[in-house]
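Scrolling down, you'll hit the structures one after another.
Both complexes shown next keep chain A, but they swap its partner, so chain B is in the first and chain C is in the second.
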Partner chain A sequence: MFRLAVRSKSSNNYLKSSLIRYSSSSSASKLTADKYNVKRGNYSTINDDDLKEFNSILSSNQIITDSNDLIGFNQDWMKKYIGQSKLVLKPKTTDQISKILSYCNKRKLAIVPQGGNTGLVGGSVPVFDEIIISLSNLNKIRSFDEMSGILKLDSGVILENADNFLSEKGNIFPLDLGAKGSCFVGGNVATNAGGLRLLKYGSLHGSVLGLEVVLPDGTILDSMHSLRKDNTGYDLKQLFIGSEGSLGIITGVSILCPARPKSVNIAFLGLNSYESVKKCFQTARSDLSEILSAFEFMDHDSQLLAAKNLNSIHPLCQEDKIGIDSVPNYPFYVLIETSGSTKEHDDEKLEKFLEKVMENETVIDGTVSQDEAQLKTLWTWRESIAEASQQFGGVYKYDVSLPLDSMYSLVEAVQKRLNDLNLSSTTDNSKPVYEAVGYGHIGDGNLHLNVAVREYSKDVEKALEPFVYEFVAKHHGSISAEHGLGFQKKNYISYSKSEVEIKMIKDLKDHYDPNHILNPYKYI
Partner chain B sequence: MFRLAVRSKSSNNYLKSSLIRYSSSSSASKLTADKYNVKRGNYSTINDDDLKEFNSILSSNQIITDSNDLIGFNQDWMKKYIGQSKLVLKPKTTDQISKILSYCNKRKLAIVPQGGNTGLVGGSVPVFDEIIISLSNLNKIRSFDEMSGILKLDSGVILENADNFLSEKGNIFPLDLGAKGSCFVGGNVATNAGGLRLLKYGSLHGSVLGLEVVLPDGTILDSMHSLRKDNTGYDLKQLFIGSEGSLGIITGVSILCPARPKSVNIAFLGLNSYESVKKCFQTARSDLSEILSAFEFMDHDSQLLAAKNLNSIHPLCQEDKIGIDSVPNYPFYVLIETSGSTKEHDDEKLEKFLEKVMENETVIDGTVSQDEAQLKTLWTWRESIAEASQQFGGVYKYDVSLPLDSMYSLVEAVQKRLNDLNLSSTTDNSKPVYEAVGYGHIGDGNLHLNVAVREYSKDVEKALEPFVYEFVAKHHGSISAEHGLGFQKKNYISYSKSEVEIKMIKDLKDHYDPNHILNPYKYI
Partner chain C sequence: MLTKIKILVPVKRVIDAALKPRINKTKTGIESKGVKYSINPFDDIAVEEACKMRKSHKDLIESIHAVSIGSLKAKEVLRTALAKGVDTSSLVDVGDEEVEPLVVSKILKSFVEREGSNLVVLGKQAIDDDSNQVGQMLAGLLGWSQATNAAKVTIGNDGTVEVEREIDGGVEIVKAPLPMVITTDLRLNEPKFVTLPKMMKAKKKPLEVVKPQDLNIELTKKLETISLEEPASRKAGVIVNNVDELISKLKELKAL
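== the complex of A and B ==
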């Protein structure tokens, strides 16, 4: 009998409470500017007149200058990037943001727009004394049209709140990701977040119908359209999707939200090779077709990391064990999610699919969720890897697109290189690296390579970069599938983009932000 | 019993032979420049040295100067717009296009890029003596990856040829439209074509993964990426999707092509009111959900036009009649297409849906396709309306996005206005207008308003414009859902876009094409 009940008794509730902010090793607390030897740009420094001006635009509780209160805004959640801002502004309206930008542009004061600050490449924290504009006070749902499924909302609405709102209306936000409890929809759009269900709902370039953006000179671009089709002029909003706060500050989003699936199934499978993972994906794409909403893969070591961190029972555990002992020996695991409108049909499709892949031995073992709780538990073993990768002190995260054929070989190549350089060991605590693990969205050609480390170190960084980027470029991939460039990958864009493309990108930046006040030292 | 066999015996084969080019009334043969009083821009005129240069880039059979051979290139298929070009160039490579553009840019020679020339707004034909660059010789499929479904091809490949190629591989082009036998995929991308199945596969902004474009100065932008996810820099290709040949000439397209559905059903329904059409759509969206691939509506008069033109038996005809006599009296008709992977499941979903909407009297009558031939026949009654609208001499076509609630009222308002102005009659041949009909993609909020006329006339044009655009603006719609701006709607963009948006669009044009050599007198 294939359908095994999920054995895990742990509810892993703590995982739902968004991202955990923890301290890593001391070397990580160094200022970004010093650590990476960055030179401050030729920007003005905030003076009393500036503060007076901001006080005339905002009320006092929208302005933060207290050094203790500034800490959280100055660093990313991994504490890899630490800035030196002296001022956080928390406007409540688009108009206030317009006034602030107009003023800063004239005064050449640099700005970092900040959403939920859940980014992974240091894009949402300052490097020097940039003014942080937090979008947290722009947090209203503006409207929802039940007939068309079009949602309009402020950019500072938390993704999970937006999805909960939609859930009550029978709709779903066409994006889901691990940080949903903290990240803002505006940040999702600004970074063109991909997430867990892009396979079914497509990219934000397709689902975002309109944006409201404040340009660097304070101009408000009101493109909050709510039309699925509109061929009147260049599609300006596209420029801002994935621009990482470098062209304007997104203040409003209009987005098409599909009907919420009435039936969701998860299958969690064990496979004997990466070849089998690919074969399994081919079959799922063909046989599950319109109900396939996620196809995620995880390597064995990523499951060991997760088990160590969760200390609960692995879904495919066959005996009475817990933690790492409960993880069976399959080199690869796959999580398949189906979403549809008719439970019996979805069940039947999934059952037939599983019979096929079990029969031809593409899949060796598996379990299927029986209820909502089990469904969440199964997802946990995929979603918690990011966090589990940090349990030894820190993590170097790479998020790349690669052709499926060469995708996993990157993880193998990196682990081999770390071994060859004598930097890695799961047992010897004197080595900086614990190990490299791989997992990700097979359906999107997107690999997450996590190098779990005991400490952040220049040696490890040198071993990894540009090695990883060179590998990706050689295989015509992207050095950033969904995380963006931010600070971390700013210097490596040429591994994914041609000279002509880079020149065009720089031209656009110069065109819209000639004083380069928006999110300096990053992107490009 | 609800499931009636389709009674139509006509195969309507001639409809498949792409677009029919026919002559309309004499007033339509006037030159665009004269008819619309356009002033020639400050461009150079082609001289012998220019021809020498083009002869050095192309071989002689790639250059057309014979006045008879030029006719077809100088006019659109409706013969509404007639230009005066003396030169057509038919390059075979991207490199040749680069050399041509580089030269023309230096010499300030104006250019019109031309694909299949199936556009509806005069965007692909010259106004004065612009050089026509035809993409017809760039017609190779470059590569197809069966694992990912990513197709790379030249921009001059005919849409139907691309889809036939994919069909053999078990995939489908994520776009379908009436002109598929003639239009080029590059033109589809340049005009951001929407078409019949956007509801299921989304817009080209989501499915196009990469483009190769020659910029006005001859620079080749090679962004032929084949990654579903790539967050490294602004998404440059988006600028060219829907730019109607005003920013660059698209020479290559990389596009994600989904698995071809294994099961396709069509239901053709009769309804008693527009309210019922909306209700039917709501139910289909919820109950057919992931297999709903098209939801098209047609009014009664559009079916009469089609019947008159096809002279075959309407799908919902109850007696032994033919042509217009065979069209029953329902004020509205709906065509629903489902596409899925499992025939029994799709049949069951459709059956349950139909039972529901028949039982609650949302739908009064209907038929379901039993085989491939019937499926094509049913589509004919939707797809042939465009052509049927021209049978009396010509047609004014409007393609707008409107909120569903106010969508059909535009057709009623236009017919009332034409009646009030005494311009319209189905029986009195001395009136310029035959009638106004409405149909379109309810699922996309996209209405096609066709005003069938006996002749093109200034009076009718004045009655329609800006009336139609004002109506659309008042209801926050788009004056061009999918046809684009071209020549026809150039002056009306302000009904759909704000001053800020228009300024940004003009800025981008100036930025990329400072000499305005690409597709002048159009777009914006």
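== the complex of A and C ==
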């Protein structure tokens, strides 16, 4: 049978860009510790006895000390944060992790847990010489109960693999995001990832039923017994969802998975203003209601970035053009996904909705996927913006929650500020900033502000921070909707959390990790 | 004065090309329940090509008519074709009956005669049964020229049509006057998305439903499917730890 080949462009690009990085030399240090003036904590340094101990817990192929092999573990995928770790451990069992942590705690050796390393705030890479514990060998699916939809798995399972496994059983993972091919389920839970399906399936705080976590002293906390309803005592697992590796290392996850929708449609629309985007969302919420599973918006410049990177024809282009020439002139684009169980029902609903928004001119133009290949292509024009944002050298990413009314004004304010400071130009290569674009999950009030830059520079950073955070605080938003705090936002938590809240977080950290060995220099 | 061109585009509704088809429990066919269907990708390319011809030869193309043979659900693919720029369409309602290539060709021949078509553009094969027979059989029944697996089509000023076909080791160029049957290959063009305004307009375009007996055609069967089997699954590979181990493994398997 003939099958259309699916291109895997992103992985290639990733490889290419990381190679370029290491062939270019630069005089200024790119190490996170130097760039941000961080002082090393009072931790021990690894000695031969330590290595001997780790060798007694793990086999030799689970220990990495070769400097070339360490490169990928020491840097994040944006190449923004670069650590100096000399040791990566790749345990295969929860028991091994428990032994490692217990030993490190006694020896006061700092640790950074690492999943797929797809984080955007520098949370999963070391700052100094922390030992990296990679969860990549902890990658088995433990069990799936078809009756209840409860999936139990190791934390190092790649999200896409988990979803493919569920797909064969007619179920779906309640989380989906652009990095699904690399990110780990455990990392998703540790960072409380939001992603593209949150609108329909809610946050991980709801769908995670239990966790297996190794605490800093090596104690194993096991709540994998998974009941949907359990009102006995504090709900301890919640502490670890979004704790970003600061309280314990998640080794197992029990999660409730819904039935996989049998009918999925995508509409990709062109709109004339942000007002229309809001109006379109309101109509979608009421008219598509229970089948609405994603409502994403993108500004014109973000589509130009994607077009430049993808070099293919924009879905709303009807002429023989390619790349940026093919992007029509609508200031905003919206991607709507519907998921349901009956195709005829969904089709009819979507058709009626589209007729309505076209007739009242909320939407100017659009298209609907006719087959699976088109469905994937349409998603690509939304999902590839993140990668496209760093095609010129780098990207400053802000992921904020804001009330819908003031959501896009942040992008406009940043664009104006960068222009006023004479930092930004799409044509002049001597300017550090290429441009600032906005896109995100309207349905969740979550904006992604990406500032595509030619190089990371203090000037740009000073222009953006704390400007962005002050704007968000003034409009009662959150400075991190789903990316987390990590290293990037450690100093800015007070823009979103009160003194009382911060004190309680610190108390918990001090209590469970008195030596602060887990993921230091980050979070709080 | 050149003769005007009337194009006929046959389109088939098939299991979506991106999905993995499964054999049904009785092993007599492909599982069709709860599966997504779309237009055969090669036919999508044929529709796109017909519409492109209209764009570049406005005064030459008189009409484009699409035909589908299948259940009433195949109306969907005809609507898509209409939205892309096809003028009129017909659905031959055969219910869930499988129709063999020769019968398909006979049905299409009757449409060529009824519509007075002088150019048929269709996919080189449907991705469900992969027969790759209808274009050839139809040309044979009509006694027309045929150019299969087209990678590029040029309508000349002298009323002839030039077709490039990708063959092993190069490109073959064939040329013939109308009437003609062209079957499309993957690289002929890249179908565009259908926009909403066009989709709405397409609702008002003609879509007639006819039965095979209206065309005096009997759905005879000359082939019998005995059983369907999935290909044997490949054995899993082995991971070796170093080059020495690799070499000894290869020797063991007598590959070295």
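Here is the rule we use: the second predicted complex is superposed on the first by the 495 of 524 C-alpha atoms of A that agree within 3 Å, B and C clash if a C-alpha of one lies under 4 Å from a C-alpha of the other, contacts with A are read in each partner's own complex, and residues count from 1 in each chain.
Everything below uses one rule, namely that a contact is a pair of C-beta atoms (placed from the backbone, for glycine too) under 8 Å apart; a residue touches a chain by one contact, two chains touch by 3 or more.
Not measured: the values here are computed from a predicted model.
Contacts of A:Leu288 after superposition: chain B is touched, whereas chain C is not reached.
Once the two complexes are overlaid on the shared chain, A:Ile71 sits clear of chain B and of chain C alike.
In the superposed model, A:Ser207 lies in contact with chain B only, and not with chain C. By the document's definition of touching, of the two partners only chain B reaches A:Met504; chain C does not. Comparing chain C and chain B on the residues of chain A they touch gives the larger count to B. Touch criterion not met for A:Leu421: it reaches neither chain B nor chain C. When the two complexes are overlaid on their common chain A, residue A:Leu239 makes contact with chain B while staying clear of chain C. Looking at chain A, you'll find residues 262 touch chain B in one structure and chain C in the other. The part of chain B that touches chain A in the complex is made up of residues 145, 147-149, 170, 191-192, 194, 198, 202-203, 205-207, 219-223, 225-236, 238-239, 241-243, 247, 259, 261-262, 278, 282, 285-291, 339-342, 345, 348-349, 401, 403-405, 441, 444-446, 476-485, 489, 493, 496-498, 500-502, 504-505, 507-508, 511, 523-524. Those residues of chain A that touch chain C in the complex are listed here as 1-4, 6, 61, 262-263, 268-269, 313, 315-318, 343, 354-355, 358, 363, 365-368, 370-374, 376. Residues 16-19, 21, 34, 36, 38-39, 41, 80, 125, 127-128, 130, 190, 192-197, 199-200, 241 of chain C are the ones that touch chain A when the two sit in their complex.
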